[in-house]
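Letters A, B and C mark the chains in the order given here, with residues in each chain numbered from 1 onward.
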Amino acid sequence: MVKPTKLKILWLQSITCNGNAHSFFSHPDFMTLIQKFEVIYHPILDSAYSLDDVINKKLACDILVVEGAFRETGMQKANQEIYAIAKSYAKKAKHIITVGNCSTFGGVFRLYDTESIGGFCFNDETPNESYKLFKKKLISLPGCPAHPRWIGNLLSMILSQRQILLDNFHRPLEVYGYNAHAGCPRSEYFEWKVDSKNYGYKEGCLFYEYGCQAPYTHANCNKILWNEVSSKTRVGTPCFGCTEPYFPKKDLWHTNTLMGIPATMPIGVPRRAYLTLTGVAKSFSIKRLNEPIIKYKK
Amino acid sequence: MLKAETKRGKKRESIIKAALTLFSLNGFHKTTIPDIARRIGMSTGNIYNYFASKDILAQEIIKYTSEVLGEEIRKINQQDTLSTHEKIHKIVEVYFTMATKKPEMIEYFLRVYLSHREVFVGECDKMICVAGFITEIMIFFADGVECGDLRDQDFFSAFGLFMGYLGGMAFLNGEAILPRALEDYIDDIAYNIYNALKA
Amino acid sequence: MKVKYLIEKIEGEAELEFDFKNGLVDNVIISFPFYRGIEEILKDRDAMDALVITPRVCGICNHAHLIASVRAIENGLNKAGININLTQKAISLREFTLSCEIVHSHFKWFYLVALPQLLNLDGIEKPDNYILKASWASTNIVKALAIFSGQWPHASYAVPGGVSCDPTYEDIIQAEALVDEVTRFVENELIGMSIDEYHKTKEISNIKGDMSTIFDMMSKKNIEEKGKSYDRFIVFGEHQIFQTGQYNKKYSNDISFAHIKEQIQHNSKAKSVTYKDMCYEVGPLARAIIAKNDFVLNLHNKYKDSTLIRVYARLDETLRLLMYMKSLLANLNVKELSCTLAKMPKAFEANGVGMVEAARGSLIHQSIIKDGKIQKYNIITPTQWNLSSGTQKEAGVAAQAMKGSISVEEATFVFRTFDVCSVCTTH
C-alpha cells in the first residue's frame, strides 16, 4: 500500500526577528505536528535542503510559510532577492501563510522605510500587487509574534481539510473573530470603570489609563492563553494590538483620547452606547472593586 | 427612554411638564404635589403612583430635560454634512430656543438642579441623571477632535467653557438683564465658542 | 584559497569568506547582509515604546532586550535625579525571568546546534527524539517565564520602577514545579546524573547523558583544543549571579561603558565593537572566568579558551542558573510592591545605559531621552563583540578562533560554539 505523501512545508524568512519561528517551536505538541509534514526548509530545524538549495533551486512546496517584512530590492539571501523567491514559491504552493505581523502587514520593520518595506500582500491595511496574485490561497496569521496554536491549528486544519473561514484580511475567524479583551481577568474592572492604581497591581482595568488595546484587537489571547498559562493583561501589561495592521502605534502605553474620551471603542460598539454605559458605571462606586482582592497581613 | 408613547407614558410626561411650569412660577420649595395634581386635574394619590416622592419627581425631571435637550443635540451630531462651527451654532441655537420657548426647562436646570444639590444625591449622584445630555456633548467633542477641528484638551475644560457660557447667558436672560433677545446673541456666542475650542 | 560559505540557522544567516593557506584557515571575513534599523525606528518615539520595540530585535533573546531597555530608562532617570529603587521582589522576578530565557537558549544550542552539527561531521544518524527534547525543555522553562511576564516571546512586563505583574504564591508554586520538572529533565537526559553528583565530579569524562555525546564527538573530531582566541573576557551585565569585570591576562573589576567603541564595518551591516581598542569575548565562558568559577578555571589552565571550555561553560551555567532560579522563587515575598515608581515623569530628559547578561553575553542599550521622547537609541549585542571583524591590529574573537581549522566544517563548528545570533548582530 502506498503511504500518502506528506505535505511539503517551506518556511521562508525575510526581514524578521525570528520570533514567529521560536513561538511556533514552543507549541506543546510541536514534534507531533511537524512530523506530519515534510519539512523542506525551516529556520531552526535541520531540514532536507539548505537555504542555498531553496533559493537557487526550484523545490516542490505545498505550504509556503513566510515570516518577516518584504521589499522588492535590497533584501537578499544567497545573492537573490528574497521577495522574488517567495513570490515564485507562492505561485506554485497550494497554501500561503503569512505568519506574524511583519509578513502580514509590514509590522515593526516596515517603519524603517514605509515607501519600500511592507507585508507580503498588505502594506498596513492596503492590499499590494501581490495580493491580487495570491488572494485565493492566502491565509494571514498576524501577531507579534503569532501564537503557536494559531500556527499549529491552521496547519492541522489544512491537513484535515476543514473549512477555514477568513475575515477581510484573510485572518482565520476562529482566532481573530474574538477580541483580546474576552477572558481578561480584569474585565469586571473594565465594566465598572475602575482603573488600575499603577503598574504592578492585579486589580484594575488598563484600558483607560495604560493604553490597553484589547477591546479593539482581534485575537484570542485571553481565551487560549500564552504558553498555556498567561497573557499580557493577566500580568498587568496592556495589550499592544499586535494583530492589527497599524501595529505598533505611537505611544504604546498611552490611551489615545479625544477630549478625554477613548478614541477607539471596543469592536462594533458605537461611541454613544459606550459613553452611556460608562456614564452609568462611573456614577457608582463598587466597594469590592476598589479594594485589593487579597489583603495581606504585614 | 421617557418618550411618551404609551398612555401611562403620556400621563407621566404631563405631570413632569406641569411640575416644570409650577417650579418655574413659584419656586421648588413652595410647589407641592397637591399643587401639581390640581394643575392637571389628577388626584394627589394618583401622582404618587407615578412618582413616589417630590424628590424622586425632581430627579426624574432632570433626567427628562436632559433627554429632551440631548435628543436635539443628537440630531445635530448625526448631521454629517455640517461643519464643527455650524454644529456649534446649531447647539447654541437649540439651547437658546429652548431657553426662550420653554424657559421652564433651562430654568429648572439652573435654579433647581444646580441650587438644590441635596435633592439630587443618591440615585442622581455625580452626573448620572444628566447623562442623556452629557453623552451627546462628549460625542460632539470627540467627533470635533477626531476630524481635526477642535483642540484636544481635558473634557471638563471644554465642557465648562461651552455649557458655563450658555448657562450664564440663559441666567442673564432669565433675569431680564440682556438688552436684546437671546436669539440675537447666537452668532456671536457660537463664534466665540468655536474660536476658543478650535484646533 | 578563498572559500565562501553561507552559514545558516544562526537566528538568520551570515556570509563567511575563508582564506585557506596550506590547508588551514588563515583568515575569515564574517559579514551580515541585512540591517533592519531598530535604532532609527525608535527615534522620536515615547521613551517607554522602547520596552515594546527593542524585544523585536530578536526572537530568541527578546527578554534580555526588554530588561536592558528598562534598565537604560531607569539608569537615565536615576542620573536625572529621579531615584528608582526596585524592591527585592521586582529584582528577583526580573532575574528569574531572564535566567529562564538564558537556560532555554542553551537547551536550544545543545540540542538544535551542537548535537546535530557534531553528528553531521561523521554522518551519524541523529537520535529521533533530539528535537522533542529541545522542544520540551525549552517550552517548559519559558512557560515558567511567561507566568510572570505574560508571554514568551515578546513580553514587556518590566516597567520603570519594577514589574507590572502582581503574582500570588499560586503563580510561584506553578513556576517552581516547572523549574523542578526541567531540572529533572536535565539530570535524566542532558547530563545523566544529579546536579549534586555533577558538582562532585571533577572530570568532563564523568558527565553522562546527551552532553557526553557532544563531548565525545568533540574529542573524536579533535575540536576540543581548537578555537582558541585572545583569552580576553568581559562581562558588563550586573546580576546577583554573575560578576562584572574583565580578564586580559589578569582580572579587573573596574570596567566602564566609556571605553566601548563601535565602528561601522565596510563589508557588513553589523558594527564592530571593542573595549579599549581590543576585541573581547562575551558569553557563558566570559561569565565563568570573571566569576572565577573554580572548575572552569581548572579547565582553563589546561585548555585556555578553546571550544571545549566554551561548551562546558555553557553547560555549567545552565545548571547553576537552574539552582539560582529555584532559590529566587523560594525567597520571593509577594507582599512587596511590584513597582515603586508612582508616576512616569512627563517630558523628562535622561541619558541612561542598561546592561544585562543575555544568553550569548553582554547586551547594552543606551537611551537618550529628551522631552520624554527618544532622541537616540543605541544597542550593542553580544554577537557584535564575538563576531566583530576586528581592528587594524587584530582579527575579531571568533575569526581568530577559527584560524588553524582544517576544514570549513571544523571552522563552522568553532564558529557555532560562540552561539551566534545574526538578527541581534545587525538589529
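Following the convention adopted for this analysis, contacts are C-beta pairs under 8 Å (C-beta built on N, C-alpha and C of every residue); 3 or more make two chains touch, one makes a residue touch a chain.
Here the structure is a predicted model, which is why all the values come from computation and not from measurement.
Novice: Need the most distant chain from chain B, centre defined as the mean of C-alpha atoms.
Specialist: C
Novice: Suppose every chain is reduced to the average of its Cα atoms; which one is closest to the average of all protein Cα atoms?
Specialist: Per-chain C-alpha centroids ranked by distance to the global centroid put A first.
Novice: With chain centres taken as the means of their Cα atoms, state the distance from chain B to chain C in Å.
Specialist: Taking the mean C-alpha position of each chain, the two centres sit 65 Å apart.
Novice: Could you state the distance in Å from the CA-based centre of chain A to that of chain B?
Specialist: 47
Novice: Can you work out the whole-Å distance between the CA centroids of chain A and chain C?
Specialist: About 27 Å separates the centre of chain A from that of chain C.
Novice: Give the residues of chain C that touch two or more other chains, as numbers and ranges in rising order.
Specialist: Correct list: empty.
Novice: Taking the complex as given, what residues does chain A use to touch chain C?
Specialist: 13, 15-23, 25-28, 30-31, 34, 43-46, 50-52, 75-78, 108-109, 111-113, 144-145, 198-202, 221, 226-237, 240, 242, 248, 250-254, 294, 296, 298
Novice: If you look only at chain B, which of its residues touch chain A in the complex?
Specialist: For chain B paired with chain A, touching residues are 74, 125-128, 131, 134-136, 138-139, 141-146, 150, 152-156, 158.
Novice: Across the complex, what residues on chain A touch chain B?
Specialist: 257-261, 263, 271-272, 275-276, 279-280, 282-283
Novice: Name, in rising order, each residue of chain C that touches chain A in their complex.
Specialist: Per the touch definition, chain C meets chain A at residues 6, 8-9, 11-13, 33-34, 36-38, 40-41, 45-46, 48-49, 51-53, 56-60, 62, 108, 112, 116, 126, 131-132, 135, 138-139, 142-143, 145-157, 159, 161-166, 168, 174, 334-335, 337-339, 342-343, 423.
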